[in-house]
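We just call them A, B, C, D and E in the order they show up, numbering each chain from 1.
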């Protein structure tokens, strides 16, 4: 196990979510779930982050923001789409201003289903994200 | 050349000490928030990861400046234990901190820049304290190097009560603890995102972390200096001070910069200035 | 719409200490009288537990005066109906210049945009509301449940 | 009014320090879910009569039913777990499991389908069907 | 004087949601703030074109994951008004209880976020830990932690047994005791007072002219509370709106602190008054398609919400509109941000309890 799997720092961005998944992401940080046990820190700063947690789907206006944040994150990095909206657009896929899931604009490594995704699912998703991070690091190193 | 070896030992061991301290801090803080918290060695994992990550250079000067920040932090401790004049050490300490301000100020992000401005403010607030502390220690002991003060047969602390109290206040700034963590914070949920370090990534951020470990170790050495007759007591005193900082960190909100400036200046002027002035008046 | 009597009535609400609760527009699809469709705009006010509204029928291109002189907070609603419905609101105190929502498609709630979407749905075989509104029940329900567009302020329902 | 010397949080911090942390050590410690919790949709192909009501009522358009091809499929990444399909199903072919679906990676997509896609078909209209061999079976995924 | 522009958002750790305020600073003082929204605009109101009115409730519920229950309830109430449906009594009471529980949930959530904004991480953790208790109650009774999906046009989908209700009340009263201690931290801690007292003062006149609603208006001395209208069984409940007069950030915190305790009291009265027994009717499902229009007002945790529903006799609605409380409070927020310090900006923004996904829909 390398340092990467022990220190995944996350960046959370709310695409156009209903808040449900956002508050569950925040709930993961709080005493009952406490993801800091895995070394996870919610950095709030793309330049420090390893895992990009996106909730909500992509609309015209936040395409640039999501790509920008993703671009600012230094390699290696993974994207975890949290909740039905981020995975596929969910119930809002047919709203006129919605383009669809996060994978329309950036590559997604882990999809966390649910509406809203439960904290347990989010933790599972982050753990899978760590595995993906480790693979990317190995690829980079070789 | 015993003292030079102490200096070298500091350069090697201080990061271990500082990192471990940060690990204990994070775990204790988590427990105070009724969480379990990260593993004890988490700060080392973080820095190890940052060193492996790709570094994005925002400009050509930030890297060298941050390297300077680490080197001068290490040098401060090395010079202190290596037997350099105490006042000089205080100046090098300030210089080391200035490198960080310059590095953050060189980035073009407004958060980073505002963080640098705030760091400069707290630097102005805290540096006079260290100079006055050194002046006080020199005045009491009559000698001017770390080794000589430790060899001085009497306690210096009882004659420096004001400085001891002010130390607690200024250490809050230096250890980046709430309520005085206005320029950057370990819990990055503030108006300036991550303040000073907003634009730093990968290796550069690792430098800042390591420099901070040195900084904690230097503060510990200062505490030992104040409790000159027995270094275990000095260590315990630092431990108590650190525990208090963690407790206060978890029990207060972040202050605004005006209050930080006012309270540190008040502490420096009234407590330290008064203490040193009293020494001169009584000593005469 | 009569601009002066409308603004005078709005000012009455202001002087009476009412709070602006809502400005809402609804696109009505094209009818024979209004081939370009029309808008049904409601200005609603609240005082204690009373809820009242003014209602006007607006034809695309009509000028709608801003009520921000009486109710400064109206700017958000007015910018919204301008941006989403394309209603020509004039004299705003804060003009966000179409930057409030910045939707992918301009003026997405206008009758023509709705019609275009519904026709596209019908062409793609997707179940959705019909592009032509049902004339009978729609008109009847409208008249039964709401005051005529030019009538005096009426107390609405509070639920 | 606030007295500058009282810091009411100090006592709580100290008490927490000695008390047991509130953290539930997920994934090592899993709380049994509440009976009525909505997790993921489960489908029993043997009773389905392809009435298409679930598809018509699904607000997220996650369910697709084709009478001609005898396909019943669901996009789990799009499902919002609202329970409507379970309520309307006259044959009780659908049920709601209490456990949420595990996170998916792009590699989990079978047959070029998106991850989270599950489908069942009957070979001929009158066979009482088992899941199609190439489709992922719900048992393997759960 | 040096002018800097700080883009506050769309991605900012203080705000879990994207709203952009371009703050124009002179040193650390804000001289102007230009709002931009639209990052979460989905256009869900226009989904009435494609979603039948029976399922539209699930879309409306997802306007916002924090006041999800109230949104679903507001939508159902509007259609019940249009279609003249009499909702069974027990369903009405259950709705009221769930609505008040979600008020407690929302306030606890907000108190935590507010504490986090002024750098009090420990208090944030405390509030959110208490909130987990509420989420447990929700999950047990509705099946979802944040999105409940129990409201249907004509009633509710699930019953809560009388024993379960009694257990919930016991849990809530215990929570209320623990909450009192946390509330006293907010009220007495000097470092919190340093950040909140006298910050972002909204006078009663300004509260009216900026059309503020909910705790924002009540903290400035306006006794507005939609529940006072007595609809949805609130006429059978004995309560007074929580009003503070200082109008600053601490007053807005204090209103929400007291409302948590008030809500527990309301739930106690409701459990006392509701018809008891197993198997009582819960749903009175309407037949046919709606025709007509309705305005529905509700008191959400963040303030008054207004729903407008217009139906034309088909299974697709003609118009659905939700004017959410944050939308109404934004003018006041912009007014308060002008002239404050950079360090106060998070506090002012958060004390209106912004819910951006509500605002932009």
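Definition applied: a contact is a pair of C-beta atoms (placed from the backbone, for glycine too) under 8 Å apart; a residue touches a chain by one contact, two chains touch by 3 or more.
Just so it is clear, the model here is predicted, and its values are computed rather than measured.
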Given chain A and chain C, the chains that contact each of them: E
For chain B paired with chain D, centre-to-centre distance based on mean C-alpha positions, whole Å: 51
Distance from the mean Cα position of chain D to that of chain A, given in whole angstrom: 19
For chain C paired with chain E, centre-to-centre distance based on mean C-alpha positions, whole Å: 25
Separation of mean Cα positions, chain E and chain A [Å, integer]: 26
Shared-contact residues (touching 2 or more other chains) in chain B: 30, 32-36, 188-189, 193, 250-252
In chain A, residues with contacts to at least two other chains: 30-32, 34, 37, 42-45, 59, 61, 91, 94, 96-97, 115, 118
Contacts with 2+ other chains: residues of chain E: 12-13, 38, 41, 43, 46, 50, 58-59, 62, 120, 122-123, 125-126, 129, 144, 147, 189, 191-192, 360
Touch relationships between chains, expressed as pairs: A-B, A-C, A-D, A-E, B-D, B-E, C-E, D-E
Contact set on chain A toward chain D in their complex: 31-34, 37, 80, 84, 87-91, 93-94, 101, 108-115, 117-121, 123-125, 127-128, 132
In the complex with chain A, residue positions of chain E that touch it: 10-13, 16-18, 38-44, 46-47, 50, 58-59, 62-66, 68, 109, 112, 124-125, 128-129, 131-132, 135, 144-147, 355, 357, 360
Residues on chain D engaged by chain A in the complex (per definition of touch): 21-27, 30, 40, 59-61, 75-82, 100-106, 114-116
Of all residues in chain E, those that touch chain C in their complex: 35-38, 41, 43, 45-46, 48-50, 77-78, 81-82, 208-211, 213, 224, 226, 228-232, 291-298, 304, 306, 308, 310-314, 316, 318-319, 321, 323, 327-328, 330-332, 360
Chain D to chain E touching residues, read off their complex: 1-9, 12-13, 22, 34, 36-38, 57-59, 80-84, 87, 96
